[in-house]
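Chains: A, B, C, D, E and F, in written order; residue numbering restarts at 1 for each.
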Amino acid sequence: MRANRMKATWRAGGIAYGAWLCIPSSISAEAVAHQGFDYVCVDMQHGVIGYEAAVSMLQGISTSDATPIVRVPWNEFSIINRMLDAGAMGIIVPMVNSADEARAAVAPCRYFPQGARSYGATRATIWSGADYFGHANDEVACIVMCETQQAVEQIEGIVRVPGVDAVYVGPSDLSITLGLPPAPDNGGAYEDARLRIARACADAGVIAGMHANASLAAKHVAAGYRMVTVTSDIGALTGATGADLRAVRGAAVRPAPGT
Amino acid sequence: MRANRMKATWRAGGIAYGAWLCIPSSISAEAVAHQGFDYVCVDMQHGVIGYEAAVSMLQGISTSDATPIVRVPWNEFSIINRMLDAGAMGIIVPMVNSADEARAAVAPCRYFPQGARSYGATRATIWSGADYFGHANDEVACIVMCETQQAVEQIEGIVRVPGVDAVYVGPSDLSITLGLPPAPDNGGAYEDARLRIARACADAGVIAGMHANASLAAKHVAAGYRMVTVTSDIGALTGATGADLRAVRGAAVRPAPGT
Amino acid sequence: MRANRMKATWRAGGIAYGAWLCIPSSISAEAVAHQGFDYVCVDMQHGVIGYEAAVSMLQGISTSDATPIVRVPWNEFSIINRMLDAGAMGIIVPMVNSADEARAAVAPCRYFPQGARSYGATRATIWSGADYFGHANDEVACIVMCETQQAVEQIEGIVRVPGVDAVYVGPSDLSITLGLPPAPDNGGAYEDARLRIARACADAGVIAGMHANASLAAKHVAAGYRMVTVTSDIGALTGATGADLRAVRGAAVRPAPGT
Amino acid sequence: MRANRMKATWRAGGIAYGAWLCIPSSISAEAVAHQGFDYVCVDMQHGVIGYEAAVSMLQGISTSDATPIVRVPWNEFSIINRMLDAGAMGIIVPMVNSADEARAAVAPCRYFPQGARSYGATRATIWSGADYFGHANDEVACIVMCETQQAVEQIEGIVRVPGVDAVYVGPSDLSITLGLPPAPDNGGAYEDARLRIARACADAGVIAGMHANASLAAKHVAAGYRMVTVTSDIGALTGATGADLRAVRGAAVRPAPGT
Amino acid sequence: MRANRMKATWRAGGIAYGAWLCIPSSISAEAVAHQGFDYVCVDMQHGVIGYEAAVSMLQGISTSDATPIVRVPWNEFSIINRMLDAGAMGIIVPMVNSADEARAAVAPCRYFPQGARSYGATRATIWSGADYFGHANDEVACIVMCETQQAVEQIEGIVRVPGVDAVYVGPSDLSITLGLPPAPDNGGAYEDARLRIARACADAGVIAGMHANASLAAKHVAAGYRMVTVTSDIGALTGATGADLRAVRGAAVRPAPGT
Amino acid sequence: MRANRMKATWRAGGIAYGAWLCIPSSISAEAVAHQGFDYVCVDMQHGVIGYEAAVSMLQGISTSDATPIVRVPWNEFSIINRMLDAGAMGIIVPMVNSADEARAAVAPCRYFPQGARSYGATRATIWSGADYFGHANDEVACIVMCETQQAVEQIEGIVRVPGVDAVYVGPSDLSITLGLPPAPDNGGAYEDARLRIARACADAGVIAGMHANASLAAKHVAAGYRMVTVTSDIGALTGATGADLRAVRGAAVRPAPGT
């Protein structure tokens, strides 16, 4: 079976850097994947990406060395199982607010008896190799999101659910439920949460992950985060094309949408 | 942020007339939208429309002045959130049979603290403007369907759920659960329900909406309905092409399918 | 091999009535095809329809009894051959202005020695039957368009090109090149052309066809036309949905786009 | 309404043989359907098939005499209702582990009062005929999967749920939950389960179905199974193309992925 | 009819700045179009974009104020006519090396008698308005590429072909045929050609256009170029995401592919 | 730049075995490619495959070690250039009947001065590497088809056209133009042609290729053919699924369609 570069990086004590995809195109996915990221995530929750586009994007990423992962739209058994069958090597599950919800996220990621994943990994077996079934429970990453006040309060229990490989922080939603404006980073209660999550992960031997950008990466690494998303397709696209136009027109900067 | 023409019409005391889309094509969607409707609804429940087609249809509608709305397949958090992120300015939620179910429908339509919508309105922000987040709770319409006997019995509670903008009646399903044949209109218990829903909406300051056709519109308006769907793509298409053929062949009329 | 209902109608001395498709959807195609037309034409020239949509529309039509035909975008060998391989039972070739151009249109419609069609009718064989190759030269219809002044002047030569089954008149383009406004019907030089084409076809034993509508059909039949398109998807859709809205709003009629 | 060939075969006491589809293409679906199967199943659970591909595949199958059925990804009301509206004549529901779950599977398959299916069978009515609503409760097949140890233990209750037409065994998942390796067939506890399911079905007048292959079919028929899937697109494709290459290269056989 | 912002800018003596699209997605197209460009070009020659993707991208651009234009794959009548029917307001035609080839490029851009465009602007009429036919010859831009040594030698004749609105320089191909490496800009014979083209355009009252980037724009404007492409989706995407990763990793810069 | 495994095999004196794809799916393409072929060919001429499907299939193949090649629909500059830009590492050009036509086939395969390929290899550069331009003229394979009597008569001139890497025989079309029934193999004039082509190739140092199947491969290799297609997706799919059904039903064999 193909190795999971992201998990291998973690096992080697390294930091996995990733890119985030919201544009429903296998071509842009492939273009980003070949830049050298450790993982590339297809966002089916807030990206404009349905099942068929997601599969084509997994194929585009699969021509590179980056590990293809998927943020599913919801903590729902079926879509997690299907995206794994389609070749995702990791799943990010949004809005996991308790240990019970974390257990529900793990179930479709692991075959019996560690979980209840249904057998039939059609594309995963084609791409990863005929020995997929025997290694999938080890190689597939199950990553639960911590993005509400409630989740932070439960984090010490969540990280101890067997099968959880990593916790991934969503700064905007976490900020909102803490009464702060949505932003890539925040102070106050948000900063407390950020550190508490990192600590809980470290204590449990689980990876801490963060939805970030290039300028925030070093700060998160310093806090112990070892899965750091540093860019997104839609942000890069609107940011860079808009900047080119403003440079030519000499206009003032306006914020890039969608991130 | 772009204004919601449908809600603006309601605020001005007017009646919003709309079209219904079941054909999975951005071209037919755009063609219908340019006829001058106040809203155009992409039907993901009974239309032959998946996520990717729905998004392309929202784009087609977005080239016109009509407000794009979506009937989601089910009262499920994730699909409501995703269609709003994709640019729908209103959501019709089927089979809302209680105040609790209405609250569940509202949750993904409103950001915290009015609801629990997750942050990341990728296409909505691109199309509507960078100030989307600040105005979305006001501009997005949450519309719950009343289409079972049980829902009629709960209607006075449903309309008082905060965040519900309108109630939309589905005549065929409502008729069936009342023991009547599925039809665009009916008498008896159906007529009682139709009037009761309008009254409950009026009392609560909520808009009453009806899935109808051109010949029934005046009747519904007279009863206080201010959101009236007057045509559908599939009905118009099969009706008009079939009529052309029968006119030429002199054949007898047969009923148009699909409505 | 499946019979070609359109050609069978012609052989029996009847008139084939058809519908025209511009919307790129297999669902609308199937919906129209089930209304009872003799043929349904996928318009790859002015319809918003590429290769992949066209194939899916042929499949949609193939669930009905209507004969699926295609107007190709241009008198080009490869696209004619490919659409036949994909299951079209007839090809309408635009802008055929001379006997030489008619011969070029016939070539990809017939296997050697009547033409030069390349072997490999993948979908046609699946759908029509394993004996396709032996019958295709007889069952496939080759239909050349007459839609310029030059073509009218050459029509007596065009109709005598072996392998031409029918001539199909495009009223708008023919009108324009005759110095008239584009319209479904016209007088003057257009009317002369209309009658001359019918006569030339009758003399040569070739079918005369006309791009028309329901109200013009009887007039064309009276003139000897036996292939008459009486409706289109985009015209029906915009016409009927627009009429419904105007009926409700009491607004004035505006012309339907696209035809 | 079009007859359901699979159910007609059962009513006549015969055995329905079927094919399984995992490749998201209407062309491969149509190609397989024309081989003469009684039913062809679009697998939305483990096949690489989303909603839009599934609909196009139903259209491809609908050009043949085979009955189109769908395995939905999950026992979820909305997706069952939608696939029936899209023209599936039968639904296979995975992971049905109790009579309650079987009742949930039946609900969207039957209109009130036998179930709670919502009205609006857009494509089904176009393809099957205008009288669809009156016959759908009889003609649509509701098939629940038995693929866990728990389901086997509940099988006598499951088969007695009104509206269940058949039980379909998934050998791999059933094997796994019985502590056996995933395989098309197994001995021991699996064999006991296989016979118990057949007996329960026979006692209740319900059809027993099995996910199998050509070499296992006779064995299952002997045990009373009357719905037998004998091949799959992905298995046939990888098996036959791989065998051709190995034949030429003289290489050893390696197992076909994905089944 | 909708105005052509790009042509209006030219008429007002201004400079039109544009973006270039190679990614086959209506979402990325819409995202770029909303940055404020005067025109956005869908590249069907070197972009990874077929007909159906191109149409969806035109729809995405049509939700913004930018003028949608298309670079067709080749100087071929049919594809130019089709993209105009699909709503492109301008066409860039590659490899126009003589006045005759320029006349061939103009023909499908203009209705008779200025050209030979075939009637049937299905989507263009829906989107632009029912009066499209009367204004299209004025509003549609016909832009021919100058990208070979031969074309430069013929440029004074090319610019005088009636109906040519602009000449667009392709620096890479022009460089190659001048014996220089492909690059966004070059000296020597390339610089001579750049100035000669600008002069020929000025003399003939035709717009000079250039495929450029933000840093080259001022230089081209100084030379009289008034149609300047300043960015591309694929360059921006790979450039910005790659830069983010290198910033985090501290790695050396490698050149962005695809431009 | 990624190596071309097919050309490397030839340079090493080996025989390249390939598979042929007619099903428009990136999933079936990927499944076949992972069986171990040296090359996999996407057939845009007789396969049911348009531009967008072809690109997705190239991505599917690109996750394996097989060299992706494309049979274009016609000897037309633009489509050859576009498929190379999309990542095809070889092009098979149908119906090349003279040295002039072979030169036309070479032109878009080679950059100036060996040819006239236009610069802008968007996906090819992403996937193959930033040094693509410098190596593409060597690594891309230009393969012309010999499939008519006329081509056989011109073969000694065709093989000497600089830039032609291989000649590929199409047995069915060649048989037809020789007055024989279409078949994978034939005697008489066909056998003479088969040997003459091999000899001409050997004399010119060009590879001889053959569209064949597993049982014919050894015969062709013995005659000097070193590019041998041994299977096709559609033949394998219909052959193997049909065989499974017949095995179960005990029915007689009927021929597989489509090859």
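Definition applied: contacts are C-beta pairs under 8 Å (C-beta built on N, C-alpha and C of every residue); 3 or more make two chains touch, one makes a residue touch a chain.
Please read these numbers as outputs of a predicted model, since none were measured by experiment.
Any chain that touches chain D and also touches chain F is listed here: A, C. The set of chains in contact with chain B as well as chain F comprises A, C, D, E.
For chain E, the chain whose average C-alpha position is most distant is D.
Among the other chains, B has the CA centre that is most remote from the centre of chain F. Spacing of chain D relative to chain E, judged by their CA centroids, is 52 angstrom.
A separation of 38 Å divides the Cα centre of chain B from that of chain C. Listed for chain A are residues 22, 24, 27, 31, 34, 48, 50-52, 55, 76, 122-123, 126, 234, 238, 257-258, each touching two or more other chains.
Taken pair by pair, the chains that touch are A-B, A-D, A-E, A-F, B-C, B-D, B-E, C-D, C-E, C-F, D-F, E-F. On the chain F side of its complex with chain A, the touching residues are 26-27, 30-31, 34, 55-56, 59-60, 62-63, 122-123, 126-127. By the touch rule above, chain A contacts chain E in their complex via residues 17, 19, 22-25, 27-28, 31-32, 34-37, 48, 213-215, 217-218, 228, 230-234, 236-245, 247-249, 251, 257-258.
By the touch criterion given at the top, residues 50-52, 55, 76-79, 81-82, 85-86, 111-112, 118-123, 125-126, 130, 132-133 of chain E touch chain C in their complex. Residues of chain F that touch chain C in their complex: 22, 24, 45-48, 50-53, 73-74, 76, 94-95, 147, 170, 172-173, 176-177, 182, 234, 238, 254-255, 257-258.
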